[in-house]
Amino acid sequence: MTSVTNRNVTTKTACAIAQAAVDHAGNLGIAINVSVVDSSATEIAFLRMNNAFLPSMGIAKDKAYTAAGFGFPTMGWKDILDGNQQLQAGMVERPRVVTFGGGVPIFEGDILVGAVGVSGGSEEEDIACAQAGIDTVFG
Amino acid sequence: MTSVTNRNVTTKTACAIAQAAVDHAGNLGIAINVSVVDSSATEIAFLRMNNAFLPSMGIAKDKAYTAAGFGFPTMGWKDILDGNQQLQAGMVERPRVVTFGGGVPIFEGDILVGAVGVSGGSEEEDIACAQAGIDTVFG
Amino acid sequence: MTSVTNRNVTTKTACAIAQAAVDHAGNLGIAINVSVVDSSATEIAFLRMNNAFLPSMGIAKDKAYTAAGFGFPTMGWKDILDGNQQLQAGMVERPRVVTFGGGVPIFEGDILVGAVGVSGGSEEEDIACAQAGIDTVFG
Amino acid sequence: MTSVTNRNVTTKTACAIAQAAVDHAGNLGIAINVSVVDSSATEIAFLRMNNAFLPSMGIAKDKAYTAAGFGFPTMGWKDILDGNQQLQAGMVERPRVVTFGGGVPIFEGDILVGAVGVSGGSEEEDIACAQAGIDTVFG
């Protein structure tokens, strides 16, 4: 065996996820940025709601990168880092790694095919928008 | 007068433009990256077709930045730079400035509201995809 | 609806704000850098007092970016981040995001039209200079 | 002798130069970005006219840097580089070095005290705005 196979969200799927996340944010009355990446953390779709926080653009993209890169929700870092000060300080410093909620991996069955990152609301709202996006396709 | 007014593409408009550009690329049998920015060159929508050239992601984003920043198609640089060697050499080196075709400004009437940047095909194909995107909303 | 409308400080307004902030700093006997950006966080005016701290140039610009990008004073981050260690660590690391005082948004009525960032004095002095700048136009 | 003395434009002078350059641009019917730096190429004043070309912000700042750094107008590079292909290719590649017109050094008597960089119009218009700025103080 000389190669491995990766599975990745299509452009159409990524766009549908981003649009559903934006629709959910609209229902919550908030403005978000949402990025959808494939399993190699390459951006496939991005949407920004007018007047969403500007610095949140990069945060959304980095949450998607982190969730795709580690394969678990960025919210999961809380438990890992609590009580390990060296790891906490070190991970937070890593470029593009986000250790608070709003990045959620996308699984097709049990295969990682990408991730969604949302930023613009509270951690809970960001997570809800990301999940609404995923559920519209894989729910 | 303490302020001026700017107009910017909505998220829905930007997403429709990006999707129409992708559809046009599909019809041409090519794979593109497309970025849609507002009049301040802030990215509002981005779509990447699976297997489009990876370095073309940044080229698409920078074409959109250049077209929004100068207010004319990036193809227009050809005539401006021909015969002015210093300016030509200098502009090509500017960060994020792209001086070949594929970035097209979006006008609502005669007001600049954003720009589209496409990269992945030939200059002619990239321009055609960008224009197809704009035409789907403003045509 | 294919576009939204944004309002932005004029060059004349931004310059008057920067000059008034510098005058206030002179009265306080301190030397500051002051940056005024529009609602898209694009710099419209910058002034540096001779011998003001050099690294404060970037801090002033980033405070203006942060205040315009989030729409509230950078001083407001204190309450948001207290008690949320992951978010605190993460926000502090974000490029260009400043989570201490001296960045103040500019509102015309209830519309965000830009922001001022001041650095060179204490947090209280920086905020006072930024506010003096805004008050000279919108007070 | 353990130290040397440098002379630099004051904040008030730099601001007056930038404002006069902007006024001249207004008379010409163009929109510019203008940066004024001191003799160490540190930015002292910057003004951006609303809707001036966005990429010209960095070009204006870099023209001021280049003119202060070399002590002659950026337009002077044309004659130096013509016919020396290696030097031309090399200088154009240098970060922040601009080899076309619009950067003009500021002299007080025969002492370099700073430089102005203008971008937004043609080379001739940019130079005229920079010179109008300098003339308002030193003319």
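By written order: A, B, C and D. Residues from 1 in each chain.
In this section, a contact is a pair of C-beta atoms (placed from the backbone, for glycine too) under 8 Å apart; a residue touches a chain by one contact, two chains touch by 3 or more.
Small disclaimer: the values here were computed from a predicted structure and weren't measured.
*Asks:* Rotation angle, chain A onto chain B: superpose the C-alpha atoms of these two copies and give the value as a multiple of 5 degrees.
*Replies:* Superposing chain A on chain B takes a rotation of 180 degrees, nearest 5.
*Asks:* Approximately how many whole Å separate the CA-defined centres of chain A and chain B?
*Replies:* 26
*Asks:* At what distance in angstrom does the C-alpha mean of chain D lie from that of chain B?
*Replies:* Comparing mean C-alpha positions, chain D is 30 Å from chain B.
*Asks:* Just give me the whole-number Å value for how far the CA centre of chain A lies from that of chain D.
*Replies:* 44
*Asks:* Where in chain B do residues touch at least two different other chains?
*Replies:* Within chain B, residues 4, 6, 8, 10, 38, 40, 42 contact more than one other chain.
*Asks:* Pick one for the touching-chains graph, please: line, ring, star, complete, other.
*Replies:* Its topology fits none of the listed shapes; call it other.
*Asks:* Using the touch rule from the top of the page, what pairs of chains touch, sorted by label?
*Replies:* Taking the chains two at a time, the touching pairs are A-B, A-C, B-C, B-D, C-D.
*Asks:* Which chain C residues qualify as touching chain A in the complex?
*Replies:* 4, 6, 40-41, 65-66, 68-71, 84-87, 89-90, 93-97
*Asks:* Taking the complex as given, what residues does chain C use to touch chain D?
*Replies:* Touch list, chain C to chain D: 8, 10-11, 14-15, 18-19, 22, 38, 42-50, 54, 57.
*Asks:* With touch defined as at the start, can you tell me which chain A residues reach chain C in the complex?
*Replies:* 50-51, 53-56, 58-59, 77-78, 81, 88-89, 92-93, 98-100, 123
*Asks:* Residues of chain C touching chain B in their complex?
*Replies:* Touching chain B: residues 1-10, 13, 38, 40, 42, 108, 111, 113, 137-138 of chain C.
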